[in-house]
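There are two complexes below, and they share chain A, which is joined by chain B in the first and by chain C in the second.
For the complex of A and B:
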């Protein structure tokens, strides 16, 4: 296993052995620990002292199902705190198979106009990875959909996988993501949140290409145990209604949640002014499935975003002439540009997603910021054409585009808006905290800012929560959120997609499988309790970094308007008190 | 007589009569005073096994594997939503949302206090 350090100050690199301290870390656990150990908390996120760390999970690169996730970590230009954002992509699979446990990008070149790329390969004789540089300045200033084919062509004959930044990162936006290829070489898989693309851009690094030809694959200490666990995980995913073939996610994608949250009164609409959008059903997962069926003349089920995924939830949207418009219309993107902006046309939503993919923008942050801009009267609600023009302004770096590119919290301040749905500066995803109060606790307290993937539920009985505490008491609510955040931090370190949680919460053997897989790969003897403890330690490291970076419990709050403006149709406010929120990390 | 605003999602839109759109249907159904969810299902000619997640006025009343709402009495202008069996509502996106009393009681019988993503597996 290797650490690869790429120093952008002098364009040198170094492969080193993995220090003992980090041997049992991977994914989010490794990115967060390395950032906490090596980045001074007061460092400017776009300065030379910040670092960008890539790390595949424990199971990434193995035959464990749905496990090709790559974690990207750094100090966030959006929140000013620690950030981990992860994506499912073939790139993750390849870096793991080259036994690179962490890739650390550090330093900063003096020449601000130049961009560089690296190609990481494998030297079979020396049995170690290799690295070569190329000048990537010619690819700057262009749309990712234009430059990806050129890069594959440049390295024709090699099995290249692409990670890059887009124009948004060249402009140093707070909402710029790190772009990864999908299985069909689309620039569509994003470590989107928190502006980590701009950290990469600030270092003059445009591309990280991988060629894993001849790579040995992941070392597994106890293959029999790993196989036992893997089989249990496969069985659980194939059995559960949400994750099985032609089940909820494979048929309707994540946008299957649009109609559900809308009926529940929890689908944020018109910049979080309502919990219900009258045209939600026209943009929902069911409408995507039926719309494609009508246009293509056949049913279209979803595809895998990365090698070995058996859930296969990534969709594509097709135009009237049957050509592909975009992949992927996720729930969050669909909502951000749909209900949140009162846009009811899937073709417009698809175009907005495609523009974000092309420019390197996080769809959630972009949509939430556009909602704030609409609130400010910069453009009208429901005007798809104006929204498309505004995203072009962001991509091209025009003045209003730059303001919106800075993210929801900052744009709200500049535009003088009071209804700014953000926590720690990060735009809030598609679940209204006034209607779904549990997620509100996690939005408020997560080390990441408002993040819908920070608190997944995998196995409450192992947390000691339900047996000891009333889940409706302040202690109970705080303990549940803390437990959800801890177990999520473990999954984010495992390389598995969070969606395995759907199956392993309900099918006990699936959860056993997760632990056996990890013990098989690492040679550990972790138990269910260790899963929680592992995740808790990750959260402590992240929290400590944030505190040293200047965060206090006052940042663990839901925006004021959610306490004072009743949300239709239930006409409720967010009534979880500060004491409860403070218990989440106060009692960790 | 009461009028119910019925929303039918996914393949259940086939019970929407002439009011069907791609992926959903919305129709008004007239029922006698005191009618229940069961009466509404009968009027739609929809077997209760075909529906999963169910809402009355934004309050969760049923999920696949738990249907304590068949005798739930409806009121004039109620909005009732029936979801197909491939829909989902994971626990972390449901915790603290509005739940009908009958469904809440049903969850209370669960030793894990209802902390599941699905109740049929």
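For the complex of A and C:
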């Protein structure tokens, strides 16, 4: 196993052995520990002292199902705190198979405006990875959909996988994701949240390409135990109605959540002014499935974003003329541009997603920021054409586009808006805290800023997975959020996609499988308690970094308007007091 | 007594509207429960995971009232 350090100050690199301390870390646990150990907390996120760390999970690169995730970590230009954002992509699978446990990008070149790319390969004889540089300045200033084919062409004959930044990162936006290829070489899989693309851009690094030909694959200490665990995981995923073939996710994609959140009165609408969108059904996962069926004349089930995924939730939306418009219309993106902006047209939503993918923008942050701009009267609610123009302004770096590119919290300040749905500067995802209390607690207290994946209490609060809790009740939700945040930190380190959680929360043997897989790969003997403790330790490290970076518990708060403005249809406010919020980490 | 019913995702196959999410009005007897409603609609109980009435989740024995808005979901997830 290797650590690869790429120094952008002098364009040198170094492969080193993995230090003992980090042997049992991977994914988020490793990115967060490395950032905490090596980045001074007060460092400017776009300065030479910040670092960008990539790490595949424990199971990434193995035959464990749905485990090709890559974690990207750094100090966030959006929140000013620690950040981990992960994506499913063939790139994750390849870096793991080259036995690179962490790739650490550090330093900063003096010449601004020059961009570089690296190709990481495998030297079979020396049995170690290799690295070559190339000048990537010619690819700057362009749309990702234009440059990806050029890059594949440049390295024709080599089976490369692409990770890159887009224009948004060249503009140093707080809203700029790290882009990864999907299985069909689309620039569509994002470590989207928190502006980590701009950290990569600030270092003058445009591409990290991987060619894993000849790579040995992941070392597994106890193959039998691993296989036992893997089989349990496969069985759970194939049995559960949400994750099985032609099940909920494979048929309708993640946007199947639009209708249920709308029914629950928790689908944020018109910049978080209401919990119901009257045209929800027109943009829901069911409408995507039926729309494709009508246009293509046949049923279309979803595909895998990355090697080895058996859930396969990634969809594609097709135009009237049957050509592909975009992949993927995720629930979050669909909501951010749909209900949140009162846009009820899937073709417009698809176009907005495509623009974000092309420009390197995070769809959630973009949609939430546009909602705030609509609130400010910069453009009207419901106006798809104006929204499309505005995203072009963001991509091109025009003045208003730059304001919006800075993210929800910052744009709200500049535009003088009081209803700004953000925590720690990061725009809120597609669940209303007033109508779903547990997720509100996660938004408020997560080390990541408003992040639904950090502690997805939606599973028991809305979806009836693992339990059926009343979303409107605050009862027991602080403890629930804490438990979910800890387990999530482990799943984010495992390399598995978080969507395995639906199956393993309901099917006990699936959860056992997860632990056995990890013990098989690492040779450990972790128990269920160890998994939670592992996650808790990750959270503590992140929390400590944030405190040293200047965060206090006053930042663990839900915006004021949610405490005072009752949300229709249930006419409820977020009534959870500060003391309860402080207990989430106070009692960790 | 009339109620409105919506069947979502794969439950759309049981809808008289022939599609999911489209509301239809349904005439029921005073005192009917959610359980008797799904029997009348011929939906296998085990296909339903979440039962909403007026935006709140309810149990099978919930007694329906005039003008109630009912929404049924199969097991679904996303994120």
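Rule of thumb we're sticking to: the second predicted complex is superposed on the first by the 567 of 588 C-alpha atoms of A that agree within 3 Å, B and C clash if a C-alpha of one lies under 4 Å from a C-alpha of the other, contacts with A are read in each partner's own complex, and residues count from 1 in each chain.
FYI, a residue touches a chain if its C-beta (ideal position, glycine included) is under 8 Å from a C-beta of that chain, and two chains touch if they have at least 3 such contacts.
Being a predicted model, the structure only gives us computed values, none of them experimental.
Asker: Name the contact category of A:313: first (chain B only), second (chain C only), both, or neither.
Answerer: After superposition on chain A, A:313 lies in contact with chain C alone.
Asker: Once the structures are superposed on A, label A:436 by its partner contacts, choosing first (chain B), second (chain C), both or neither.
Answerer: first
Asker: Considering only the touch criterion stated at the top, classify A:371 as touching first (chain B), second (chain C), both, or neither.
Answerer: After superposing on A, A:371 lies clear of both chain B and chain C.
Asker: After the superposition on A, what does A:570 contact: first (chain B), second (chain C), both or neither?
Answerer: A:570 sits against chain B and chain C alike.
Asker: Quick check for you: in the superposed arrangement, does A:256 touch first (chain B), second (chain C), both or neither?
Answerer: After superposing on A, A:256 lies in contact with both chain B and chain C.
Asker: Return the residues of chain A at which the contacts from chain B and from chain C coincide.
Answerer: Shared contact residues on chain A: 240-242, 247-249, 251-252, 256-257, 259-260, 263-265, 281, 284-287, 290, 452, 456, 502, 569-570.
Asker: Quick check on the complex: what are the chain A residues that touch chain C?
Answerer: Interface residues on chain A, with respect to chain C: 240-243, 247-249, 251-257, 259-260, 263-265, 281, 284-287, 290, 313, 330-332, 452-453, 456, 458-459, 462-465, 468, 470, 472, 498-499, 502, 569-570.
Asker: Which of the residues in chain A end up touching chain B in this complex?
Answerer: Touching chain B from chain A are residues 239-242, 247-249, 251-252, 256-257, 259-261, 263-266, 275-276, 281-282, 284-291, 294, 431, 435-440, 442, 452, 455-457, 460-461, 466, 471, 480, 484, 501-502, 505-507, 569-570.
Asker: Show which residues of chain C lie in contact with chain A when the two form their complex.
Answerer: So the residues of chain C in touch with chain A come to 6, 8-10, 12, 19-22, 49-50, 52, 55-57, 71, 73-79.
Asker: Can you tell me which positions in chain B touch chain A when the two form their complex?
Answerer: Touch list, chain B to chain A: 7, 9-10, 21-24, 26, 53, 55, 57-58, 60, 64, 81, 83-98, 112-113, 115-118, 120-121.
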